[in-house]
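First chain written, first letter: the chains are A, B, C, D and E, and each begins at residue 1.
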Amino acid sequence: MSKPQPSGTTSATSSSSSQIKSLKLTGEDIWKNKTEKINTELFTLTYGSIVSQLCNDFQRDFEKVNENLFSMGYNIGVRLIEDFLARTALPRCENLVNTSEVISLCAFKIFLNITPQITNWDRKKEAFSLILIDNPLSEFVELPMDAMKELWYSNILCGVLKGALEMVQLDCDVWFVSDILRGDPQTELRIKLNRILKDEIPIGRRLSYFQHKQFKTKFRIRVLVSRVHIYIYIMHGRAARKLPDARNMYLNVHGRIFFIVFFFLLYFFVSINV
Amino acid sequence: MAIYSFWIFDKHCNCIFDREWTLTTNSTSGTTNSKQNQETAKLLYGMIYSLRSITQKLSRGLNKNEMRSISTGKYRVHTYCTASGLWFVLLSDFKQQSYSQVLEYIYSSIYVTYVANNLFSPYDFAENEDEMRGQGFRKITNRRFIDSLENFLSPLVGQ
Amino acid sequence: MTQKTLITPAENSTTITQMDTSRSSRLYTESLMFKKDNVSLSAMTFLYQEMISYLHQSSTTMAEFEKKLSNYGESIGLRLLELLNFRASLSPKSFIDSSSSATTTTATTTTTSNITTTSATTGTGTAKIISENRTRSKSTTSKLANDTRTSSNSALRDHNTHHHHHHHTLEREKNLDVSLCKYITKMRRRDLKILDILQFIHGTLWSYLFNHVSDDLVKSSERANEYMIIDNSPVLTQFIPNNNNASLSCNYFVCGIIKGFLLSAGFPCSVNPHTMSTDEFDERLVYLIQFDQEVLEREALRA
Amino acid sequence: MAIQSLLIVNKSGGLIYHRNFTGTGSHEQQKQPLNSNDYLILASTLHGVFAIASQLTPKALQLSQTQIDYTIPYIPNLGTSSGAANATSSGGRGSNIGKLGSFKGDDFFKDSFTSWNKSGLRQLCTDQFTMFIYQTMSGLKFIAISSTVMPQRQDLNPDRNKNINPNNLAIQVADNFLRKVYCLYSDYVMKDPFYSMEMPIKSDLFEKKVNAMIDNIS
Amino acid sequence: MPQYFAIIGTQDNPIYEAEFTNPTSKNASSNEGGFPNDLKELNPFILHAALDVIEDLQWQPNPTVNNANGGGGIGIGYFNSNTSSNSSLNSTGFLKSRTSLGGNNSASDNCYLGKVDHFYGLSITAYLTYNGMKFVMIHGDASKSNTNEKDITFNYNEEINSKTSNGNRNKAMVPLDDNAIRSFYQEVHELYIKALMNPFYNLNDPINDSSFDMRVRRLAKKYIT
């Protein structure tokens, strides 16, 4: 899969067809040769019993069932991204168009052996829809009358996408627009990018052109914690000056100097990232 | 393109010399002891310091385990630390395996002759306490040192 | 896009209202044919892992956790009893071509994706089977085969050559449910004996669930009502570490499937997992099945 | 390339896995091994340094916009070498799951791949050991400390191809190996219902698989 | 010839019921083709009476009424006045002919139980699914369907004597077409499985889904008119 090195400046709107083709090939190759498979119906029936059990547990409060499915999906998504990245080692996506292709051609193919269609791009290319043609989750399923209007049967998929995308710093909203099970003509799932999460994990790379454009810091607890560190350092520094400055401090008080410099270093680390 | 920049740190965590080449093709481009590099110098020192402490911690046995080079995604940092606490740091690309011979030569022949043995140049670049622990600003300005360093390093810049 | 008025074939006088069909047409138009589709093991094991951690959090005692997990399995087991027996009743020839229906499903993804196509998919899927089976023995075409079916057979027979043309013939009969009964000469016998049903589990159920027959089917020597199904490397719980006291209970899902399967077949029992690792298979698992007394009595009565 | 120890650091700098593989060939006189919180400090320091390294990109590089090739070639049978004793998967029945969990075939991947670690810390060479860091896009860092030492004395002949020198080769070998550990992590830790994210790894299965892979290597 | 069809759950609870009237009956009055009113209320009772027979046949190696030991073949409807021996005789008679007719497959297919019982000329056929659902159908007497209501109630005795003469197929007995009924049951069984596969459907829940009902009626028209 020696993917052609993505050309320097792919236009933000559409990535080249060769990229799409190579993603398609990657997805198919990994699905065919490198993924262990299992009977879809076992997967469908398991999911079916989970949803119907949830409906009983929540006494048919389908709003709650939707939320619960979403949070289960989210828990899966944050773990599934690691499996996806370990399996494909795809480079970071330049823009949302590229991300949507990776999701449809690689992710869905590798995990569910389906390739949803990408449609309904919004003007600013920040939201798109996935049309699930043969959704393996909703085989054999018919919603009861009272669930017809409220339950999103495959809501776990939204959670998975939300969790996985968040792990690669794409904070998105994912929700179902229509579902065949509700009598709609097609099953449509909408993904809207809210913002790029600041790389609070120093991912060890320059922010790509795309991220610069969207870069917005968001105050996280971690920033608060680092503020505390700075405060401690300043207090520590002042106290250190009062003590007699032992001649060869460096040699015998190895641990202490390490501590000071450690905070010295943390101070810089924090000042860069905040 | 082989070398990007060259730094010397003393035992007071001060950067006493820095030379950066900005144009890959022209070995005379770039700055010497420039002001904007102070931030980078502190960062570089911080990185090397903590990696050295890790190296000490992880080293086994009696003989001193010395850190040789740090590679990142884009460049490689070669370090040569003398017993007297001087650090010679060279940032380069990935072509060359190791620059320890170059750094040793710089230390033994250029630095010692033009700075250590030079009566006029101060032995310790931090005159008083508050110039220690990274606050120091004095640089090696000895012209002959800079020229000889230049002659020695410039052929490596464009390699 | 064909207009969606669903005019039923001539012999049924009532016209099906729009609302009624669109709501429920999916359930009965889909064919029960085994499409042999696959999803990735990762997807299944992630779902399984999340199901377990969800149950683990929401149950206070270990027994409650095991009970809930087993219930999930039971609801699947009772469905698989009917599904697998029904599919086992299909004449073997029709199985060879079920893989073909997978190809036709992918073929139709290119066409519009509304309901009519899905029934058309399965329609084409089975159509392929008809054309394959026409050389089969006379007994499949029961003498009461109504005219529409025979006419549709002939229309479909030359299906392979011009696929798309064929599509339109089927479009008209879009709400013709796909029933597989035409490929059933006789329904598979209901299993009456313990050994029969366990053989069915050992062979068909295990191959359906895990792509291989179970590694062993053993009758315990101590007690008459105990039987054991052995799996050398369980698929669903292979990533769950053993140094966790709850890891054994994670197997209650498959126990639930077995229990649901046997219970609805008229063999009430209790199933629980035990690890019996050997040097070659350290994940080796034994599903211990203990039948209730009434099953033994019935077995003795009918022997 | 004998692996001396393996560390895994989560994306917020916490150490979640650490093992020393003092198998054959390690030094006899063991310096008193670091206690566990030393490794904690070591992990968070590395995490900190990782970010600084990416800020220090030399100006010359920033201006020249040279395209650095980050593709890592696939090195077959590293760690899952079929040559090793437990080669053939047990039991010949049907399509049993190969011994690579949810990965099919005799190796986790067969193609070259692009490293995500574009500008962070990747290798630290010292006289006694060499440390390799493989970072994933999700911020997880896999650190291998190998006792093979990079040759420091080297003739300065310019014609050597830029990618062949031992340092870069070692990085490629390490990346291949650490990506496989990442695959094991994605199987035996991510799919373990009793593992909560960012917490230390307790799974004995993961332990067993990593040890098997280390044995295959040394 | 009217039929009353029902699916009975494992706890003998009704899952689905339907009555199939014969659309081709000449005169237009609604229930003319159907069961006479007084008989209509009896249908559930007749069914439940047949359940005992079915439960007994369920676990027999080859479930045909004639070789059921002692207890089998009772088939006593509440209103069947004659002695049990008589009815078991003629029911075996009929079944013997049936088994001889479909001899080869009845031994191996133990889902379709064929005619398990009869009640004054109404024969009752049954079918068992794998998870214990019982499909039961009461077939109204074809030859009597177009006579008026009075006739049917009157000729109970005549009905019984006709059966004693070893009711072979072509006698004016209820001309049950075995294969058609078997196919009808198999198709309904398939529909039932499709309904069961829905995760929201629990075992023994009643199926009151209109499309299920519509399809069963369509099958009835196809196989049993």
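Note that in this section a residue touches a chain if its C-beta (ideal position, glycine included) is under 8 Å from a C-beta of that chain, and two chains touch if they have at least 3 such contacts.
Just so it is clear, the model here is predicted, and its values are computed rather than measured.
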Both chain A and chain C are touched by which chains? D, E
Partner chains shared by chain A and chain B (touch criterion as defined above): D
With chain centres defined as mean CA positions, report which chain is farthest from chain E. B
Pick out whichever of the two, B-D or A-E, is joined by more C-beta pairs in contact. B-D
Central chain, going by Cα centroids? A
Counting in whole Å, what is the centre-to-centre distance of chain D and chain E, each centre being its mean C-alpha position? 72
For chain C and chain D, what's the span in angstrom between their mean Cα positions? 43
Taking each chain's centre as its mean C-alpha position, how far apart are chain C and chain E in Å? 29
So chain B residues touching two or more other chains come to 43, 46, 50, 53, 72-73
Among chain E residues, those touching two or more other chains are 194, 197-199
Residues within chain D bordering two or more other chains: 45, 48-49, 52-55, 57, 97, 101-102, 117-121, 187, 190-191
Touching pairs among all chains present in the structure: A-B, A-C, A-D, A-E, B-D, C-D, C-E
Which positions of chain D touch chain C when the two form their complex? 90-91, 93-97, 101-102, 187-188, 190-194, 202-206
Residue ranges of chain B in contact with chain A within the complex: 11, 13, 42-43, 46, 49-50, 53, 72-73, 85, 129, 133-134
Seen from chain C, its contact residues with chain E in the complex are 8, 11-14, 16, 20-21, 23-25, 27-28, 30, 32, 75, 78-79, 81-83, 85-86, 142-144, 146, 177, 179-181, 184-187, 189-190, 192, 264-266, 298, 302
Write out the stretch or stretches of chain C touching chain A in their complex. 22-24, 26-27, 30, 34-35, 37-44, 46-51, 53-54, 58, 68, 71-73, 75-76, 79-80, 105, 109, 113-115, 208-211, 235, 253
Residues of chain D touching chain B in their complex? 27, 29-31, 34, 38, 42, 45-46, 48-49, 52-61, 63-64, 66, 68, 70, 115, 117-129, 131, 145, 150-154, 156, 158, 160, 162-163, 165-168, 171
